[in-house]
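Below, each structure is written out as structure tokens.
Below, chain A partners chain B and then partners chain C, in two separate complexes.
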Partner chain A sequence: MIKFEHVGKRYLKKVALKDINLELKPGKIVGLIGENGSGKSTTLKLIAGLIQPTSGVVTVNGRRVTRRISEHVAYLSELDEFYGFFTVGEMIAFFASQYPDFNREKAEEIRRFMKLAPDSKIKNLSKGNRGRLKIVLTLAREVPVVLMDEPLSGLDPMVRDAIVKGLISFIDLERQIVLITTHEIKEVETILDEVLLIKGGEIIGHKNVEELRDRENLGLVEWMTKVYAGDCPPTV
Partner chain B sequence: MTDFDSATPIYLQLAERIQRQIVRGDLKPGEKLPSVRDMGVQSGVNPNTVQRTYRELEAMGIVETRRGQGTFVSENPEVLQTLRESLKRAEISRFVEGMKAMGFSDAEIIAGLKDHLTEAEGRYEDD
Partner chain C sequence: MNTWWQLSKKEFRLGLPAFLFTLIGLVAVLTLAFYLGTRAGSGDHEGLQAVKAASLLLITAHVLYLLCYMVYSLQSERKKLHLWLASPLPGSVLLSAKLANGLLAMTVTLSISSAVGLITTALLHDLPKGYTWGTLIANGGFIILNIYLMSIFFALCFVFFWMIYRMLLRRLGGITSGVITGLFAWLLSYLTNLFEKTELYHAIVRWGKISSPSILNQTGISSGHIYLGVYIWYTGIAVVLFAASCWILDKKVEV
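And then the complex of A and B:
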């Protein structure tokens, strides 16, 4: 379980997050949506232990988050952090050597699903294939928390589709909680259980996606537009 | 990947799709449905949602889950007959609502439908 208690984050004088209270339970895929600069990536980095809160506490399964939380949290960065001279196979082997929870067999299975050749050099991969490789490396880890920062951004529709299907196929929804930030709301909408809407460093909505359709007859895009415009009382 | 409309819960839309497949005969009585995960991948839907769809269909008696084996289309002819009837009614009421909203009278609707079926004779041959 991921828990935020009165969490605030400032970068020098700029406020990135304000007094966030949040509880996320396992067995769910949660989308984190909002404008650029609203605090999505900061939220993920706090859970990954890559940055520390200015105030408040972030815990994962009851543990206060430090850099060492990476034992329990897989984090897919928005950036490409690969060694170009590695091949796909070497990169998988490298990850396996870094994380005891890394499942080599699962990695191979996801690699085949993503149609990546093991002997391709990373520096020769297209952007789409680098996106696919990141999914392989992230989902092969058997950890309770998987964080994905913009896994679909800048990729063509076929790659986006492969990634969404890869998520459905390889996430362990018995045990894992998956948190995805994205602007591609339409593409992830059908795989989300819950959604968090963030604006100006505050969470202004937290909903179950099916209940939103059921009770308010709203899809995510309509709901987001409405709440952002202030027509709709945000429910947290 | 297939699209879902945004105003209705996805689990219900998926349930309706499966019901149509059963009525069309794409899914036969007694046939096994794909596993929750496979159905998720095929339809691009969260496995939790597929699970809910299967539970819903099970509550309606349309499918049954056999422990450790999976989910199967019911072999009960009554259930399937009821399903066929209810899909027919639902489709007709959608059509009639649309026609009435445009101001067509009952007589016009019936006449129009008859004409259409006569003109289109042979075009909707059974597969």
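And then the complex of A and C:
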């Protein structure tokens, strides 16, 4: 379980997150949406232990988060930087050697699904293929928490659709919780169980996506637009 | 063990450009020394003397080798921190893999420099006064050991201050973090200097007297003896710096 208790994060003078209280349980795919600079990536980095809260506490399965929470958390960064001297196959092998939970067979399966050649040098990969490689490396880990920061960024629409469909088959929802930040809301909407809406470092909405669709007859983009405009009350 | 080995292989490839650059630089310096020596004198003899002098200079320069290697390696990691820091391995393992590869690279270039120094000494029949090959190699070995120790010490100092800088960077910004890290480094070095003038320091380190190589005495680097206590003192500081660096890396450095 992921827990935020009065978590704040500040970069120099900029407040990135304000007094966040949050509990997320396994077995769900949760979307984290909001405008640029709203605090989505900061939230994921805090869970991954790659940054520390300025105030409050973040825990994963009761353990206070430091960078070594990576034993239990797989993190897909929005950044495209890799060790360029590796080939795709070598990078997969390297990850397999570093993470005891890395499932090599699953990685190969996802790699084939992503149509990535194992002998391609990473430094020669296109942005789209780097994005695919990130997905391979993240989803091949059998960890309770999977964090994906803009996994669809830089991918063309057809590939995005294939990846979104693939995501469901490569995630073990019995044991995993997946948090996805994205601007491609419509593309992931169909696979999300819950959605968190962030604005100015605050969570201003937390909804069950199916309920939102069935009871309020709203798509995510419409709901987000309404809440941002103040036509819909915050739901936290 | 396989985890460390694979990490180490990655570090080897990451540090390869720095190693090759040093290797090429070393060959270039030795070649240039031979060329300039030959041109300045009347033949190969002067050329070999210049190569010998250059090799001694290069051997000495190795006290900074590991530091420079770590600068390159950590700076290369700077844009990949989301990968490096997302490793489940403790900071001590991450840093030791880098240091081990740096030491391996250093051993190659130091061996080449030392071999060139010995070969030119043999070709020139130029043993220092009162030395046999046995005493030269024993004394040289002692000096090489000290070059390794100093190189490791300087590298660990750099790693520690790099960690301090990275810890402050996201909180205070680049310029302020740089200034604070610089001031902190100056303050620590000033306080260490002050402490090393006290009776307490002398009481701690002045034991285990051993004779230093006569080459060092003749050149004024040493006054005839070295204390084992000094080695223990600096080893202690190095251990503290390494432990502090690992702690900061695990708990405080941010992407």
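Criterion: the second predicted complex is superposed on the first by the 236 of 236 C-alpha atoms of A that agree within 3 Å, B and C clash if a C-alpha of one lies under 4 Å from a C-alpha of the other, contacts with A are read in each partner's own complex, and residues count from 1 in each chain.
FYI, a residue touches a chain if its C-beta (ideal position, glycine included) is under 8 Å from a C-beta of that chain, and two chains touch if they have at least 3 such contacts.
Treat the numbers as computed from the prediction; the structure is a model and nothing was measured.
Annotation: superposed three-chain arrangement on chain A; chain B versus chain C shows no clash, the two fitting side by side. In the superposition on chain A, contact of A:Ser153 is made with neither chain B nor chain C.
Centred on chain A, the angle reaching out to chain B and chain C in the chain A superposition, using CA centres, is 160 degrees in steps of 10. Contact with chain B, but none with chain C, is seen for A:Lys165 once the two complexes are overlaid on the shared chain.
Contacts of A:Ser55 after superposition on the shared chain: neither chain B nor chain C is touched. In the superposition on chain A, A:Leu192 contacts chain B only, with no contact to chain C.
Of the two partner chains, chain C is the only one touched by A:Glu81; chain B is not. Of the two partner chains placed around the shared chain by superposition, chain B is the only one that A:Lys28 touches, whereas chain C remains out of contact.
Contacts of A:Ser126 after superposition: neither chain B nor chain C is touched. When the two structures are aligned on the shared chain, A:Glu222 is found in touch with chain B, with no touch to chain C. Of all C-alpha pairs spanning chain B and chain C in the superposed arrangement, the closest lie 28 Å apart. Judged by the document's definition of touching, no chain A residue lies at the interface with chain B and also at the interface with chain C. Per the touch definition, chain A reaches chain C in the complex via residues 11-12, 45, 48, 50-52, 66-68, 70-71, 75, 77, 79, 81-83, 85-86, 93-94, 97-100. Taken together, the chain C residues at the contact with chain A in this complex read 2-3, 6-7, 10, 13-14, 16, 79-83, 85-90, 170-173, 250-255. By the touch criterion given at the top, residues 27-29, 161, 164-165, 168-169, 173, 189-193, 209-210, 213-214, 217-222 of chain A touch chain B in their complex. Residues 1, 4-11, 37, 40-41, 43-49, 52 of chain B touch chain A in their complex.
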